[in-house]
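Pasting in a structure now, in structure tokens, and then I'll have a few things to ask.
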């Protein structure tokens, strides 16, 4: 079943179009990877779905209905949550409070349940409950950003730059969390520079360049298309 | 004994500062706006309070009406004046706010006359003895009312999820919205509460002075700015403590330092002293 | 070989948290040193102690024999430290080129007084343009940094640090947020710089690139130095593998 | 064709209330004079500008009145700062300038073209000393001083004569014009246990002050000055205003026809009761009108001479000037009785009230 | 002279003084990004210094020089405060400095206390001569501002205004730059104050209070913070606006307040921003 559908979407900043005429379809329960070089428009696409970057034309359908006129707040109530680029934690709030905000749209009971799930996935966070987010190390911040988004119990979770600044072990932890969510039926849209890693977990892939979709298909197809990888993702063979 | 009475006087004055400053803290905390026009709302509260009391004879009703109407005016000011310039540098809002404040003072002068207005039958003028201190009933009511209002707010903001949501909205409204916080509601409520508090202070000052004048907001306008800075980025409780401290320092200062410095200068000398020792304010984190 | 940087027994505490615990190491002129470790190991904190953003609780830091420990940031920079931060912070009221040109004009800005009497900045702009080309963002020279993607800003940071012609360049995760090709290119550039004589400390999680380009590694975990030496050897010690790659005791919930 | 009188007066900002009264007073005098045929047949025109009570604004305004509007004489309905700044310009351009109620001692020192129809602070301060020490027989006095030129010069005059009347000043406090809350001072005054309180201020500071003194149980006489002189004072202080005494220039119970007429006419024009500032504005305008009539010419020097020779019954008493241009008149003492200002006494001691000669 | 009447001369003189005063704050707030709500204190220090020196018999040149030096020195002291506190905290601290200045001068009898200083000697150049002298000072101040903006110092100020911490990272001695900005800005304010004293020839503490500090900040912000032409225009306009809108009578101040508000609400970039919107081609090249 289709969960999210972008139809000829244009979005951008002021008069500047960051993304042109993008169409894609994300199925319920799958992992969808959005790949592409710097400045391709990946983050813009995600933030546009979340309701933060201005949609200029086209439509965003969620569960079949057009949500482009809804506010960011209404979208989270539909089940769309984001762990944005640069993490954008609430710096003065502690870890605990950041998570509280993450679960703000839910009842206290659900919030408590979700908090436990986050703590099991990221035990490191429990050690520093009262530490302000601004003083966390880069990796800790990434965990918190994912945890915060998970608190909202999303049906569609969008994660921008999953492994940015993470040590290999932490990358494993995050992907483990992603797989766990998938097993719970959560649909995931991720942006990733670590192409190899992304292709391992993703079901479908879209490659963006200069704001336009240049390739779409399954992850398996992508792995078997060396030209594509060379040309747009620059994943050299020997890189690990 | 004299010291105790001076202390009591300082606390009464400090209560007024606290009521005004708390509202300003809320606005400053949420939007980083030095909302000078807040003092204009304080004055409006005084006018509404006196007019309604004179019309109905009930001070309590007047207080309520003042808080609600001024709260609504506060929300309107947010919507019409600040919301469109939120993304601009802070001094833009500061100057806009100052312009607004000047205009408000002039409107009061033109509408209510330059001489100000007074209660026909000043309420709460009786004198009470408490712990050997002589106070007017109005002063007791002021201090008690402040503790009640500010205390309630402190609990509300510190202990509730809404309080956390409020602080999240402070640093990143867009993200806060992305987690289901209705930032529009937070901001309106913020202005409503802050303005209603200012209005209550206005009514209390009207009561203590038996007079409301167009320019009565000027003193609280800058004193309250000093207080919110003194308190650093603390909380509502911090504001209360800083305001009371300032009230007491002024009370003793006027008597013992009045020959060298006037009241404002005493307050600001204290402020500068504190900031030089603790640049992050009295209760701020380093 | 001359010793450029000497860090001895540096400890940094934040309240109860010991972010760096008695770490010592040194760096010779012309080296390219990789500084790695798990998230939260205290790498950024160590770098901040070197640059002067945080003051070590204990220990001493020397650059070319001169004790830096109590000097303010800008003096350390004048003594030859250049660094790009993990969180990018461009000057948003200038173009990308101007950001770099200002750093290139360090000799004009040493004292406010002399800065007042100097106007010409053509040479600095030329240098800045070259540096931008070197890091591969020449196309963004006239752009407003607020509108640039992260990958560009990262490289802007590097270019700005290079403009200072530092004797020691500290890079905190310059490759993060770049895709493979871009990361590879930037890593090559770092190597080229190093070949040209630039001493560099590189903090990075991109192990592939680190292993490829660094001549020596230091591994830190939980504030402690747990390994030091040439990349191959270091990465093969058990303690490093356990801490860094998560082999052995994997505490991730299944 | 008309004869022009210039006026600088604060119509907006913090001093607007006094400015309005002064302007209405002056307008009334001119209407009255025009009804009587103006100046020897020529109608009088008042040209006024809002100076916000600021010296900065007063300078161009004075220049404009002189060079563009070509006024023959000018009056000030403003406070000391702006009046002081304007006086220098009127003096140097040789235009007679009469200050209605500004108190700064240096105003008339600008030169021989500058006059003042109100008391300098010192004179009233001395009258206050006589009132307390001699007429009321109170000796232990607390002085509460408003921190501005008005308060400071009153205090100076009071202290100058206090000893002569056997007064002991047991303590002295200062407050700023913005203060309305006097809790700490009141507390301390209560501990001082004085026989009387000499407190300078304006109705908007004195109203709350008196109220707070009385509420704290202090019932000794409070003596103020013309700054209190407004019905607003009684309104603010309420019943606690009863018995407060002030030194001023307007006697509401005066039997002089001129004063009674003014009080009635002003109320009709303004819609509220006359106060000292209104009477002063009226008096200043009247002085220059009379002088122009007497001089019979628009020659400014001649008018100046005529002003110097003034001997006129005005709403604030019989006016004449000394060599410096300071007014010589009696001090009225008013008391609040049954919620209104009433006659209490007059001080006409010429030596005591002699204004400074230089 | 020049076909100007006494009124026009006094208006132009007042405008000129306001322009110098506003440009002096623009150095600190506009160029270096340090907001000040107490700038009138330095204006006051300049005014008092020159007034007292010339009253004591020194020539006006000495008075002006003394004003510049003393205001600049006190400015450096306050500049040290700017090293301790930042942003809004600095705004409130400087506001406090303004109140302290007024509070202290009020109580100091040797500078006239509440009574202020009257009988300040005129310039001795005559009114038109003084106007020309003020204009000369204006031109020099403008040239200095423009030069500063183009120099490496102005360039460094831009960086500090944007992000102090990062400015340190590229080796700028932020403290010294900030002190330099305060020293220059306050010294110029001292000059403006001295000119004011000899123009109005009467000064009292209230003339240099909070309202004056706000007014000058409004000039800078309304002109367009950091923009030299914008600030000149706004200062010239706002300084005489109250005189020009006399015919609004009672509504004058209401209009003034409303204008301040409307300007910020509808053109937050000030007049410079407005001009840029109308003539978009001018947008680039504002720097360099």
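Residue numbering begins at 1 within each chain, and the chains themselves are lettered A, B, C, D and E in the order written.
By our rule, a residue touches a chain if its C-beta (ideal position, glycine included) is under 8 Å from a C-beta of that chain, and two chains touch if they have at least 3 such contacts.
Owing to the predicted nature of the structure, the values given are computational and were not obtained by experimental measurement.
The minimal number of chain-to-chain contact steps leading from subunit D to subunit E is 1.
Steps from subunit B to subunit D, taking the shortest chain of touch contacts, total 1. Separation between the centroids of subunit A and subunit E, computed from CA atoms only, is 51 Å. The centroid of the Cα atoms in subunit A and the matching centroid in subunit B are 44 Å apart. Averaged C-alpha coordinates give centres for subunit A and subunit D that are 76 Å from one another. Here the spacing of subunit B and subunit C, counted between their Cα centres, is 48 Å.
Within subunit C, not a single residue touches two or more of the remaining chains.
Chain contacts: subunit D has residues 12, 147 touching two or more partner chains. In subunit E, the positions touching at least two other chains are 106, 250, 253-254.
According to the touch criterion at the top of this document, the contacting chain pairs are A-B, A-C, B-D, B-E, C-E, D-E. Contacts from subunit C toward subunit E in the complex involve residues 51, 53, 72-75, 77-78, 83, 85, 89-94, 98, 102-103, 105-106, 108-113, 115-119, 121, 160, 163-164. In the complex of the two chains, the subunit D residues touching subunit E come out as 11-13, 49-50, 52, 54-61, 63-64, 66-68, 80-81, 84-85, 88, 93, 104-106, 109, 147-149, 151-153. Those residues of subunit B lying in contact with subunit E across their complex are 28, 32, 34, 81, 84-85, 88-107, 110, 222, 225-226, 229, 259-262, 264-269, 271-272, 275-276, 279, 281. Contact residues on subunit D toward subunit B in their complex (touch as defined above): 12, 14, 16-17, 20, 147, 173-176, 178-181, 183-188, 190-191, 204, 207-208, 211-212, 215-217, 230, 232, 235-238.
Touching subunit B in their complex are the following residues of subunit A: 50-52, 71-73, 75-77, 81-82, 84, 88, 90-93, 97-98, 100-105, 108, 148, 151-152.
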